[in-house]
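Going by the order they are written in, the chains are A, B and C; count residues from 1 in each one.
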Amino acid sequence: MTSVRRAAVIGGNRIPFARSNGAYAEASNLDMLTAALDGLAARFGLAGVEVGEVAGGAVLKHSRDRDLTREAVLGSSLAPTTPAYDVAQACGTGLETVVLVANKIALGQIESGIAAGVDSASDAPVALNDDLRRVLMKLNGAKNLQQRIAALAGLRPGQIVPELPRNAEPRTGLSMGEHAAITALEWGITREEQDELAVASHRNLAAAYDRGFFDDLVTPFLGLSRDSTLRADTSVEKLAKLKPVFGTRGKNAAAATMTAGNSTPLTDGAATVLLGSDEWAAERRLPVLAHVVDAQTAAVDFVHGEDGLLTAPVFAMPKLLARNGLTFADIDFFEIHEAFASTVLATLKAWEDPAFAEERLGLDAPLGPIDRSKLNVTGSSLATGHPFAATGGRITATLAKLLHEKGPGSKGVISICAAGGQGVVALLEGA
Amino acid sequence: MALGLLYAKAAATALGPRSSTLPDTVVRRIAAIDRAHLAAYARLCGFRFGDAVPVPYLHVLGFPQQIELMATRAFPFALPGLVHVRNTGTAHRPVDAAERLSIAVHAERLRSHPKGAQVDLVTEIDVAGERVYDGRSTYLARGASAPLAEADPPGPQPFEDGPPTATWHLDAGLGRRYARISGDVNPIHLSPLAAKAFGFPRTIAHGMYTAARALASLDGRLSGALTWDVKFGKPLLLPSVVQLRTAPTGDGWAIDVRSEQAVHLTATVSEARSG
Amino acid sequence: MTGDLLRDITQIGLVRKLGVPRIPVLRRYEPGAPLLDGPALVGVIGAGRFAEPIRALLTAAGVADAGDEGRIAAVVLDASAVRTIDELAGVQQFLTPTMRRLQPCGRVLLIAPEPDPADPEAAAVAQAFDGLVRSIGKELRAGATANLLVTTAETDPAALDPSVRFFLSARSAYVDGQVVHVGPPVGRAVDPAAAGDPAPADEPLSGRVALVTGAARGIGAAVAETLARDGATVVAIDVPAAGDALAKVANEIGGTALQLDITAPDAPQRIVAHLEERHGRVDVVVHNAGITRDKLLANMTADRWNAVLAVNLRAQLAINAALGEVLSDTARIVCVASTSGIAGNRGQTNYAASKAGVIGMVRALAPQLAPRGVTINAVAPGFIETEMTAKMPVATREAGRRINSLRQGGLPVDVAETIAWLARADNGGVTGQVVRVCGQSWLGA
């Protein structure tokens, strides 16, 4: 294997994440992404600087935001000659942009780049009813009055109802939470362990804020200086009082365990990560927190197959570890995105299960249990919230800083599940 | 809408006796910025919405007080028919949307003009005692007279022909949309009939909309402390297709907005000068 | 620009005809502006060694010699050799005819000797300059200022250059009635040939790395902007909650933002690590971050007291103690004190104690740092138009604005210009000093 250089994670910046229709209710994806880029520029002295590229994206995107990332670059303090492009892979978008930029740096195509992601559940696009949209497109294409009248003749009152964005899988019609509830039931994930995971997430995040961990990772926006989902004083007792919201229909309704407390709320926010070659960082005297070592994406057939919608990381992780000759014992930090507490717990159970390892992962032995004290040590999505495409950037910058604190050679993995039955995992090494 | 009422009152008193000198009133108010309103303004004019307040929005914040002052009988001219011909402003530093603003508006420099008389409405905005914005809006009352002659500096000129920076398609409803946000409900922007009554074939775009959108095109290229000087040319009839042109100058940008028929706006913008 | 309505009103002709004295609009520095906006008169009493180099400096800066007639923008008198009462009379005879010739925002700058303890008359005469200059400051009108440089005959005249430039220029708009001691530059003597190219005149801080605390707004933002304007690369620090404003300041000046609470136990280490990693050194440290928690002592709580002391004094001490090797060998530390720390202020026992403490710290550290080539000085703002002063009751605020020789409040940039002067690499002769930026306030010495 020829050795390629590794891309350095230099640092990151995000705006605090806000519950939808809260502090950022009036802010668009473009507003938030630009603010996050400007905070990054300020932290690393990039005002007026041309970086190799900016890769970014949003899961919920207006048609007017065709080149969202490039528009954000143009409105930011970065040099207007900085190229940019949009990426989309559902909740994997943020981490996928990190991988794309890191790969280009590794290949020597660019010396520096910014990976970014943003999402707004408050300013989500509302589409026209599909039939109405077709009528209007026909009308637009009509060349004469006769054609126009013919087009308008297709109008029906029912078409005026707009199509609201739904958090549903196009092929199954089930929401993400419903899918997760099925997986939770399959793996026998209890209400208690979900609530415990949620409480740990809030406590870890609050403690990290209190020790100043996020001082150089977060820049306030629109009056918010901490993630608005964070509840430092939450407890298992408090969460136990919440009613289940997913898996509450059908024959297993009585066994429903997923509540608003152990699922992530809809959130608005943006995150960025600055990557570069070691040389570029040294030239500008910028810190190298960690290196991007490797990444793996996997997908499962959640429609007709037997796997759950959010279980693809279960399959991606063993490939990543095997390729790098590592086991869980070598890993110092596990950053597993908390779409739902049950998703994290089901993922862990799958990795611990000998039968699953043998039958589904083709392994002689399971990956094994992980040391819970190494899991999401500064909190994760249950506490920060989850603006879909921003989560990958949030986690990458957070993990890079943790690895830098731990020291050179320390290792951390990121696991992010995504809609469409996909999952992205990545391996970082402390510098 | 309060400003609508002021317009109505101004129209009702338009023919009555009027003062021949400027009132020495200073109209003051303390304002907190409504972020939802700021967001709507930013969306319409093309600014990025965030903590930093776009400079033209500072003018919008003082505009209700301008109307309040001009709608009184103590003001020498009738509000309907006044033409906004020039607007200059300096933001001495970036203004944050969380700041409480003290806004004071007064009138000064009543002077004669070849086409009538001109007067300046001065908007001063302080944050906790620190001056953050000085604005000056010059209005022309056609056919009116004033005792003093005082020449104004010529102002920004159209520059040498160059390729357009942007082409704007401005639709017929733009005047109503900007009126709703800015409070400038002058009927010439709202309905073609009213516009005809004042001698325009169709509704016309707000000059401050055109100016703000031109400035927004430079978002990211300008600091929050800036001086701008806008001279309004021929009325911009709606709907229209117009072209924006920008050219860097030594310390800022020259801007103009024109259509095939006319130059509608010329402006300069530069780093704010303190002092 | 300030919201000083009274000052603006007094610019109106009609108001002046009513006999209301005009409140001067001060001349302030713009990049590229000449040192003085008129001719200067340079005099010398006896064997002063400074007049000739100052004449040369002015000539090089394009300032004309005023001669015996007409308006003058500045009067400089080298009285460094004056030791007797008879010679002091020469000072009066030289200055008296110049007073009426001084143009608006004119400058009077005197150079006096350090007192000679072995000669009572010389010591008395040296001290006499204090009273003389402070009184001139109070007599001058229309924005003119009077300041005093005190030095010894042994001091290399070049050591005075930065101070002469500062006090004559528009940069010192709100510095009036001040006495500054200039000694031989600290540290090892630098061979001018080895020192490399001097910084360009309009970017005297070119190539220097500056740290500014409390940089998100007010005086700190003005300091960051002014140091960057003068060529410095600025690391702007403020608390994380002010990060959005801080990022804007940093991006506008092409600097970097570092969000941290300077009172956190690990803050000094984090600052030093940041400076080492990103710049390898620091040339200018401006301790500007400060808070007020006003209460009469009778109502003071421990929380209020401790919060003010922690930010305003303890953090400065801790950061200074941690800087160590990261300070370059021409480093300049500037601490923002306050005239409240000199004169005291009702309701500000905690604040005044902290700011007086800053002055004590500066005096203690100056001799310790001098052998390394590092200076440390305090700048004590008087009434500066900021958010802090705006919270005052109207009557207090109006009084605060007027009770100084310039009859107005200063601007954040006035404090920033003074700090920029103390931050210069070639200003090694000024250390352990407290310079007030107060328009010669009636409060405090």
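In the analysis below, a residue touches a chain if its C-beta (ideal position, glycine included) is under 8 Å from a C-beta of that chain, and two chains touch if they have at least 3 such contacts.
The chain lineup, named per UniProt: A = Acetyl-CoA C-acetyltransferase; B = Acyl dehydratase; C = 3-oxoacyl-[acyl-carrier protein] reductase.
The shown structure was predicted, so the numbers you read here are calculated from the model rather than taken from an experiment.
Counting steps between touching chains, the shortest path from chain B to chain C takes 1. With every chain reduced to the mean of its CA atoms, the largest distance from chain A is reached by C. The pair with more inter-chain C-beta contacts, choosing from A-B and A-C, is A-C.
Averaging Cα coordinates per chain places chain B and chain C 41 Å apart. Averaging Cα coordinates per chain places chain A and chain B 44 Å apart. Chain centres here are Cα means. That of chain A falls 51 Å from that of chain C. Annotation for chain C: residues touching 2 or more other chains are 244, 248, 252. Within chain A, residues 35, 77, 221 each touch two or more of the remaining chains. Annotation for chain B: residues 50-51 touch two or more other chains. Put simply, chain B touches chain A in their complex at residues 35-36, 38-40, 42-43, 48-51, 97-98, 219-221. For chain B in complex with chain C, the residues that touch the partner chain are 50-52, 90, 92-94, 96, 102, 124, 126-131, 134, 223-225, 273-275. Residues 1-3, 28, 30, 221, 244-245, 248, 252, 385-387, 389-391, 397, 411, 413 of chain C touch chain B in their complex. Chain A makes touch with chain C in their complex at residues 35, 38-39, 41-45, 47-48, 77, 212, 214-216, 218-221, 225, 285-287. Taken together, the chain C residues at the contact with chain A in this complex read 233, 240-244, 246-248, 250-252, 254-261, 264, 266, 277-280.
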